[in-house]
Structures are given as structure tokens and as C-alpha cells.
Amino acid sequence: MDFILQGLIEAIKLLAAGGGETYSAIFTTLKVSTISIIASLILGIPLGFLLGYAEFPGRRFCRTLADTLLALPTVVVGLLVYAFISRRGPFGDLGLLFTLPGIAIGQTILALPIVISLTASAIEGLDQRLRLTLLTLGASGRQLALTSLREGLFAVLIASVTAYGRIISEVGVSMMLGGNIKWYTRTITTAMALETNKGEFAMGLALGIVLLIIAFTVNAILSILKMRAGI
Amino acid sequence: MSELIYELSKLVHRYGEHVVLEIEQLSIRKGRIIGVAGPNGSGKSTLLKILAFLQAPSEGMVYFEGQRVTFSDPPPRREATLLLQDPYLLKRSVFENVAYGLKLRRDKNDLTRRVGQALTWVGLDPKSFTHRSWNELSGGEAQRVALASRLILKPKVLLLDEPLASVDAASAELIMQASFRARRDWGATLVIVSHDLIWMHEVADEVLSLFNGSLAGTGARNLIMGPWQISESGLWRKELEDGQQIIAQSPSGDQSVAVLDPSDVSISPKSLEPASQRNAVKGAISQMIFEKNQGKVLVNVTADSISLYARMTEDAIKALSLHPGQTVWVSFDFDAFQWL
Amino acid sequence: SAGEPVLRMATTTSTDNTGLLDYLAPLFQKDTGIKLQWVAVGTGKALALGRNCDVSILFVHAPAAEKKFVKEGYGITRRKVMYNDFVIIGPKNDPARLKGLSIPTALKAVTGKNAVFVSRGDDSGTHKKELSLWKAASLQLPDKKKWYIQTGQGMLTTIKVAEERSGYTLVDRGTYIKYESQNQGNPRLVILVEGDKSLMNQYSIIAINPESCDKAAYNRTLGFIGWITAPKAQKHIADFRLLGKQLFIPNAEQ
Amino acid sequence: MSELIYELSKLVHRYGEHVVLEIEQLSIRKGRIIGVAGPNGSGKSTLLKILAFLQAPSEGMVYFEGQRVTFSDPPPRREATLLLQDPYLLKRSVFENVAYGLKLRRDKNDLTRRVGQALTWVGLDPKSFTHRSWNELSGGEAQRVALASRLILKPKVLLLDEPLASVDAASAELIMQASFRARRDWGATLVIVSHDLIWMHEVADEVLSLFNGSLAGTGARNLIMGPWQISESGLWRKELEDGQQIIAQSPSGDQSVAVLDPSDVSISPKSLEPASQRNAVKGAISQMIFEKNQGKVLVNVTADSISLYARMTEDAIKALSLHPGQTVWVSFDFDAFQWL
Amino acid sequence: MDFILQGLIEAIKLLAAGGGETYSAIFTTLKVSTISIIASLILGIPLGFLLGYAEFPGRRFCRTLADTLLALPTVVVGLLVYAFISRRGPFGDLGLLFTLPGIAIGQTILALPIVISLTASAIEGLDQRLRLTLLTLGASGRQLALTSLREGLFAVLIASVTAYGRIISEVGVSMMLGGNIKWYTRTITTAMALETNKGEFAMGLALGIVLLIIAFTVNAILSILKMRAGI
């Protein structure tokens, strides 16, 4: 029990200290998660839109597949990507294993089903009249997509927030593909896992709190932006 | 005679198994204002959606400006714009809503002025409306914003589905003006669906009637709802609540709706008795409407719970000196009905 | 299975990953009727679980930390069970030429050549051993050096990193044999330094002090300690093999 | 005199800073059918939402059956049910939609029969509609399903916001019948908003006019939109497109809307010249409507782009022998206008 | 690379074998995840509904908080719950540590923010007219909630699917609170982590595939039910 309080104190100390291992992990986390969320949104939103709007055979199956992949465990992602980017893998020569881009690839794959599934249901949930109205006003396919996304912005935002939460909180992929290498690929979560395994529960919790503070900051900024935009 | 803008041929539309539209042939000339009337569910909105290329018909051909429209290739959607029956505004300001179509066309010259003008056409003061949000409008205001966002596009074809629903009298007038202006200023062709027959007869060059998905002549129609009861003589009978009755030959079912052409109805200021093959119903004149395009007068008689139109010449009216409020007898033959 | 008496143990990953406990637990249950349940975690976490009374017995290999644990009153009756040894492994072509060197000279050679060295960096028994080796060689810990990679992960993962980076690493023999077996006896990393006395890896068993944890199943704990340190179980340990190689050498003091 | 069901006093409603409703006093008696007319944005829907206890007014008091309604405690929402202007159907079958309110009240006796009856009241054949899904309906059918789901509740108060929007003529008649039935069968009080003044004058005992949020007498009104131009004489002038003009004293702005009571308008079949204080406009009679409640006739004259109503007695009409299509001169004083 | 193919073969073998360790882990996973998803839906849907519908001061802050907690790492949940249910914790006497109910508590906490946030935005996304219509038809507060949820069923379903994906794929909580005890608290994911740690990548992947097959089955059933219900 007492390590909870200790963890809080420790968290403040960590943040107050400035520099050092914690800040290295914070920056690594921010760097990787930013790349991953951007990549997964760029890939996922158009796919989600297609899945939500377009009519094509097998659409229902694709939807079920995307929903299934919400259950993709980090370990599986880690293993699969590892198979491709390890020295013995087809992309071994790129030297991506145990690097930040390596982690980003894994995290992007992890977050993609979330972005796709939630975007698709956001689009499916839109008022039927929207599509007709846009076509009637002369929207082309791309314009239809952009405006629909903008009208469903609120729901697309929550998809992004959910995906970001998944990315920033995951351990398995960072551990396997990043290697938790100190000063280099150690993220807050891998550091946390390490401290916990060492029995340094207070320290583990402190890092967790630091992570949540970061997440809160990101979400608070988003919330203010949303309020400004009147959503 | 001007060229054709639309030609429909052997058109059938189904929802599931249910045929809702079946038009053997329909041509619409450029620059005409066509009204479409018909009871609920007769297929008016479906027809407009097909004319707007939003929905491919189940069968049949649609030609636009002489070209066969294939609904699989992107059809010429920017040429025809439809005001939906249940209009939808984007979750933006009124300005953004009205300007949206122009922005899609990358036509951003002089936007403020043009948006202001379109709003004025529908009777909304640009000063007080441009900056409002989509959800700060009353029902009729929203309807008119939706219309303004179509007018501003100056499309070749304007398709309006119930533009008058929840719009006030002054706006109804303005919408009529806007329709005339669209034809005059940029040669638009208009197809307008409305239940306000009076307004429609004023605005339209020609009013098509749809019944159960089929075109059924032009002009207003009387509808007499069931239930019908079979009488001893083998004829069918509808009882009014005041004891009067209407007799008909062979409806298709006891809940059938009878359609009666107003030209088949006569009016007499003097008492009439039902004759062997002719109904006579006593009522009071509730309205008299001048049909500009036909130069005739529609006289609406309310008899208990039923309201019937008779189409008469001005001279006949003058001769009988009919006026609203007057008690009259309406007569029509037992076999004057069509059935729905 | 609800009625079965259960003994809960925290242990390090090596005893679990090698399969030793999978092999011993049924034998123990056959002899005593007690069902052994174990949680395989890092040494530090194992000690923390012990401190919090979440397990009744520890099976670990970090002598210094263990002594401290007993001294603080959390543990009682610490008994040696078995040992194996640590070895330094590296790529077959041995770029820093460590083969056959003594431990301190080998570490100096690594430092001198900036050869990649992969460390567990997780406060595990192995990590603690490695730290003590740097100290014994009078070398400063090469933290933050580009060639010194601290994984903070388990042994096999650390070996994978070393393999990937063509680096050296310190490993316990049991895990190395497991690694060898996974590579069909033809691993990329081979043993280069071994046999030094300082490389001994002692596993001990500690009972949680019933005075500090009233819920600890002290009787069953004593039962297990008695069983595993007895000659019969000690022989089982000696018989436990992988690829025909013995992984642990029993050394319980009778 | 029957008791009051509603009493509103010193009611003010604002959206933001904007006052949209300001009613000093309004009482509605039990069992009455009250019509509410007024241009778009005049506050009709806001008033109905307050009467349905869906929206608390910004200021003022609402009494229901003599009890002050506090909008913080759950108000007596089940006593009054509102048909929204833009009706919404639950994503279920027609049957489920109509039965929903009864199910909420755990009143499940004889559901099939009652749903069928409610559908029949609004002119929908239960056989073909009960099992349809909410999205398999035309606009007018959906509107009527929404109405049926209110009628079935037999509430003390029925508030209908534009029940006629997109509904056909036969249904308009049926909705009128349903309103009468509601009053007759279970003593309902009705408040109905509509832009169809003719229909409303037939159904309602009394028609309230709302202008800019304030009650402004009863009955139909003429509206003349701007722009107004100031003339040399200091009077304001609106030019019609055919060159005729309407002159007014002091509008509140050049875009003001003039309101003219039809009772202040006279009609002459003989040519009239504009006089010093009186407008005279030439036009043609487009409609004549009998106002049942007042026993008078509204004559609608279309002059170029403007449409004006005059209220006359039957006798005056007979005397002048007016009929639709006839060319007439409309006259009214310069100062007969109110301004919006 | 080759372990991917191997993993596939291994997965088929595992499933074909029947019984044994794998089936024990499958049943454990199904048992725990079912409890967790039900608990998180029972708790989360009403909270999400409140957050989406009710007007109260601080609502925006609560929303941001819920969004933040989407980034709750499994390790933090593990540590916090551990602090309470460890023998030394306030609920130590219940003996929940290293049991299935222990894991379920952690997973429920992990999934709650997902259910709450996604339900809240589903409710916020509902047509404004729905609320007025229901009030007008005489719905009480509870009836309003139930019907709104039913109208937003599609979006609430995707919330559940996302939460289920998170629950079934997580490792950290199961590891920390369940202890990965063979035959008892070992789930598919902890077994997977163990195999991967042991370097048995093919086996790890095989278990991952088994997990995804389970998830696919669940989603396919759901998809069929949705189709039947005409959503």
C-alpha cells in the first residue's frame, strides 16, 4: 500500500529532477508515440472511411477482421515485426531492430485496427442525409470523404485518442522491438516494466504517473481545442 | 420548341420487391418549371433522386441533354442539384453551409456578396444570419438556408422536394420568385414537388400527377378514402357522418381510395337529389382558386368530413354567382372514379 | 483441486525457463501431497513479493540481496540448493579476442576495443554478478557508452540482443544450454570465457519469516525446504538435463 | 366556461442574448383547439417546447391545470405530448415506433389493435405499414407515423408542430379529423402550429398570431417585404416589378416587413386611382377562402409579385359579384401598416 | 522468418491436440475475459451514458480524465490493484492475488475507460431530436437512458468490441495479478509472453494465433447477430 504514496512522491521528484534517465525515457516515448499515432492515422483513417462508406463485396468480413485485430496482442505484433526486421528477416539489412523506427512500426500496426474500426463506425453512424446532401452539392469522392470525416470529426477524434492511449501505454512492442536499451530505446513503459520486475514498485508507479501526466496534458490540450472549435 | 433536358424511358424503380415508380416515358424541356403532385408514397422523392442522379433506377433509361446517363460512371451530378425533402445542414455556420458548394467547385470569388445575395433570395437577412450556427435556426429558417445553398450554385437543373414544408407565406412567395429568377437569369429547368397545389399551379408551367408510382395526367385530383361498404344493389357506398352518402362502382377493396377528376364534378346552387347514376352531395364552398395556367377556377366544397374540388370556367361561376361560404350541391357520376 | 494444500513460491526466471520447476513440482507433490505454485519474476520482484507476504518461499540466486533480506527479518532459514556457473559468450569470430582470457582481462579487452557488450541491466542475479565483475576488474561501469547496451530484460532476450548486435554477454550456463538447444546445437554465440571461480552462480531457498507474515504457510515451506535439500531431490536436480547436458549442480548442505 | 389547462404569465425566452419569446399573458382553456400562426422564426416551436415542458423558459411562470410548473422537478411530461417539427423515428419498425409510448407506460393491452387504429387515424394501412422499418417510409408517411405514435397515447394535451409539412391533402383532412376525435373522445386540448392558414382556420377554435416572439392578435395577416425606398415626399415606397407602387409611412428600416390586417383592405371590381392617403393596386383574384369561425371570406389578390388578403363579408362579395380570375383593385391606407 | 510458418503449423497442432496446457490457458482466458468484459460494461455503460448525456459542472474535466485513462498502462493497473489485494494491502485477507478474480479486477479497471469514453461519445453523437422525442413520448430517466443506448447500440457495440480486444490481448495485468501460474492463472497471453521470453518464438506466435482465432470467432458471432438485428 505504502508504495502508492511513495510512488506519488517519487513521480514529483522524477519530474522535478530534470534530465537523467527519466527524461530520456519521456522524450523517447514522446518521439515514438508521435510517429506511431501520425502513421496510424494517415493509414487508418482512409481505410476506416472506405470500410464505413463504400459498398463492396466482403465488406462485412473486412469489418469483422478489423474488429478481431482489436485483440491483437502486443506480443504477436512484436514477434511478427521481429520476424521481418531481425537480421535474419527480409528487411534485416535496414537495421531497424532495437531502434525507434522499429518500435514505431510495431506500434502503428497495433494502433491501426483501433483507428480503422472506430473510424468506420463513426462514418457508419453519420446521418444518412449527409451523403446525399454532399453529392447534391457536387462533392467529388475525395471531397465527400473529407467533409464526412469533418462532420464525424468528434468520433474520429475519439478514435485517435483511443489509439494514442493504446500506443503510449503499450509495453510489449517497445520491449521486443526496441529492446528497452537504456538511454536509447527505453520508453517510460519499458522502464516501468523493468522497475516493477526489479521489485521497485514505487519507482514503477512513479513512471506510470509520469506517463499519465503526459497523457493528461495531451488530452487537455485536445479538449481545449475541441472547446474552441465548438465541438 | 426548346430542346429536351431530361428523357426518361421505361423507368422502373423498386425497393426490394415493391415497385414504387413505373414511368413509361417522360420528357422535360429546358427552361420549364415542372410541378410534381401526388399523395404520400406515390414516388415523388424517388423520382427526384433519380433525376438528381443520386439513385440508379432499377430498370430503364435516363437521358440528360441527349446523353444516356450511366449511373456507374460518375453521372453529371454538378448539373442538377436537389433540395432534399428533409434537408440537412452541415455542422457549420450558415455562411459555410451556403458557400460549401461553391468552395467544392473552387469558385471563391466574391463569396461574401454571393452568399448574402442567396440568403436575400430566400428572405433571410444576411446581417443577422450569416454568422449563426446551423443549430441556431428555426425549422423554416433551416429549410431556407438549405435552399439558398442550392440556389447559389446556379445549376442547370434545380430539383426541389417540398421546398414549402414549414416555410411561411412570405417565403413561399419568395421561393416562387427565386424559381422564376433561376429560369430567367441562368435558364434553369426546375422540377418542384409540393403538396401546396395552389402555389404549385402558380409557379409551374405544368403539374404532373403521380399515383402509386405512375404518371396520371396533370392537375389537381379529388381523393375519397374508404371504408366502402357494399350495398344491397351491388354498388359500393361511403357514408358521411351527417348521413349523406357517396356511391361508387366496384372499388378494388373496401379500403380503396377513389380518385375523381375535378372536371367531372359539377356544382349547383340549387338543391339536387341523388339520381340513378349520379351522386349529389350537399356542402359549402370553402375556397375558390384561380388556376392561372388553365384559366379555370377550382371550387372547393366541404361536405361534412369530405372536401371536393370542381373545376369550372370563370363564366360558369359568374353565371351561378358562386361565392365562398355558400351552400351548394356537388354532383358526379357513379362511374367517374379511378381507383388507387 | 480446491482442497489440495498449496505452496506458493516466487522464483527467478531461470529456474522456470529451463523447465527445472516443471520437472520438480510433480515429484514434490507425489512425495508430500503439496502442490507447488510458482511465480517466475525478476529477483528484485521476487524479494518484494516475499516482503509483502504474497508468497511463502523464495528460490533465487542473488546471495548479497538474499542475506540482506534475511537480516531485515523478512526471511528465515536460507539454505543453498544448487549452483551452476556464469560464462561470457560472444560471436564465433570473437572480434575482441576474449577466448581463454581471465575475467578481468576479458572485460578490459572489451573496454579497450569498444566491443559491444550487452548487459541485463535489470538488477537480476545475473546483472548483480556482472556489476561485481566490473568492480573486481577495477573498471568503471560503462554506463552511457554506445557499445554498452543495457536491455533491462530477461536472459534469453538479452542473448537475442547480443546476437543481433554481434556482442558479448554474461549468461548462466543453464540458460545458455537452453539457447543452444533452441538453435539445434549450432548457436551464433559461443562460450568464450568460463571456469573462473568468481563466476559461480548459487541458488538458495529462503522461507518467509512467519513472524513477519502470519499468513505464510510456514509448515509447507519447511516441508519443501526439507524435501529439496534432501538427497533424493538433490539427485533429481543432478539428473535434470537438456541436450544431454547437466544444468545445475546440487550443493545443499545436509 | 371550462377551466384553464395552461396559464402563461410574463413569459420570456432567450437564446443567448436574443429574446425569441415574450408573452405577457396567455390562457388556454381545456378542450380547445388553438392554432398558432406566424412567420418563420417568430417563436412558435419555442412556445410549443415550453408547453410540452421540454424547455424551461428563461423567465416567467407556466401553470398547468392550476399548478405552477417547476422545470427542475420532473414536470408532468406525460400529460402533454409534442409532435416535433422535424420528427424523428426510432430505428425500429413502424409498430415499435407507434407502440413505444404505451410500452413506456407498461400499458400493453391489446397493442396490435390500438397500433392499427392509430395508423388508420393517420391514413396508413396497418397491413402494409406495421412491419415496415423506419427507413422504408416516404417523407409524409414518416411524418404520419410520428403523429400516430402521439395520438395513441391519448394525452390530455396534443401539441402539433407543423403536422402538415410534407403530408398530402387527404392526410391533412385526416389529421383534422383526428384532432376533432381527440377532443371528442378523450377531451384533449390541442395546440397546432401550421403555415396552412386555411386548414388551420378550419380546425382551430382560435388562431393566435406570433410576430417576433409576441402575440399579435388572431387571424391571417398580409406581409409585405422590403426593400423600401424613401421618396421625395418623405414617404416610403415599394416598387412592384410591373411599375405599380405601395406607399407606407415610416417603416423601421428599408428592409422592414409590413404587416397589414386583411380587414383593413378593400376590394373593388372597378378601376381605382391611388389617392392622397390610400394605396390602390391592380391585381387578379387568385383565391377566395371561407373562414368558418368568423363567417367571413378571405379574398387573395395577386398583384405582380405580391399577394394580399382582404377579409370581406359574404354579402359584400355577392354584391360585387367577385370571382377568382377577375381583375380587381385593392386599396388600403398609407398608415394601415404595423412593422416587424 | 521461418518461425512464422512454424507458428502457424504449431497453432494448428495446439488446437488439434485438445486438452493439455493450451486448452487450460484458453479456458482461463475465456473465463477471465468474460467476467472482465461483463463487469466493465455493467460499470462503464451507465457512467459513459451520464458523461455523454447529463449536464453537470466539471463534465468536460471528467471527459478529459476518461480520455486520459485510455492511456492507463497495464503495469500501473497491475501495481495499483496489487497494492490493494496483496497480503499487506487493505483487501489482502480476501486472498485475491494470483487468482482469476484478481486478474478480472485489473482487467475491468483497464477496460473501463474504453467503455466509458466510447459510450460517452456514442451518446454525444446521437441525433439531438432523439432526446426530445423520447421525453415527449413520456420516457423517464431510466427509459431515456435505455432507449438512447439502444439507438446508439451500434456505437456501444464497438465500444464493447474495443474493450474486449483490450482485455483479451493484455499481458501486464494478468502477469502481475495472476502470476502466470501454470494450470491455474496462466492465460494465453501470459503463456505467450513466457514462451517468447524462453525464445520459443514459434510457440509464442502459435498461441497468439490461437488467441486471434478466439477473437475472430467472438466477432464473427457478433457480426452475424448484428446482421440478424439489421444493424
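Going by the order they are written in, the chains are A, B, C, D and E; count residues from 1 in each one.
One rule holds in what follows: a contact is a pair of C-beta atoms (placed from the backbone, for glycine too) under 8 Å apart; a residue touches a chain by one contact, two chains touch by 3 or more.
All values reported here derive from a predicted model rather than from experimental measurement.
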item	value
Starting at chain C, fewest touch steps before arriving at chain E	1
Chain centre separation in whole Å, for chain E relative to chain D (CA means)	54
Intercentroid distance (Cα basis), chain C paired with chain A, Å	36
Whole-Å gap separating chain A and chain D, where each centre is the average of the chain's CA atoms	55
Averaged-CA centre spacing for the pair chain D and chain C, given as whole angstrom	87
Residues of chain C whose C-beta touches two or more other chains	157
Residues within chain A bordering two or more other chains	127, 176, 193, 196, 201
Contacts with two or more other chains, residues of chain B listed in rising order	86
Interchain pairs in contact, sorted by label	A-B, A-C, A-E, B-D, C-E, D-E
Residue numbers on chain D that touch chain E, as the complex places them	49, 52, 54, 74, 77-78, 81-84, 86-88, 90-91, 100-101, 104-105, 133, 149-150, 153
Chain D partner contacts - residues on chain E that touch it in the complex	127, 129-130, 132-133, 135-140, 143, 147, 151, 230
Chain A contact footprint on chain E (complex, rising order)	1, 3-4, 7, 60, 63-65, 67-76, 78-80, 82-84, 86, 88-90, 113-114, 117-118, 121-122, 124-125, 127, 154-155, 158, 161-162, 164-166, 168-172, 176, 189, 192-193, 196, 201, 204-205, 208-209, 211-212, 214-216, 219-220, 222-223, 227
Complex contact set, residues of chain C against chain E	8, 13, 16-17, 22, 37-40, 52-54, 154, 156-157, 159-160, 178-179, 182, 213, 215
Footprint of chain A on chain C - complex, ascending	41-49, 121-123, 143-144, 149-153, 157, 161, 163-165
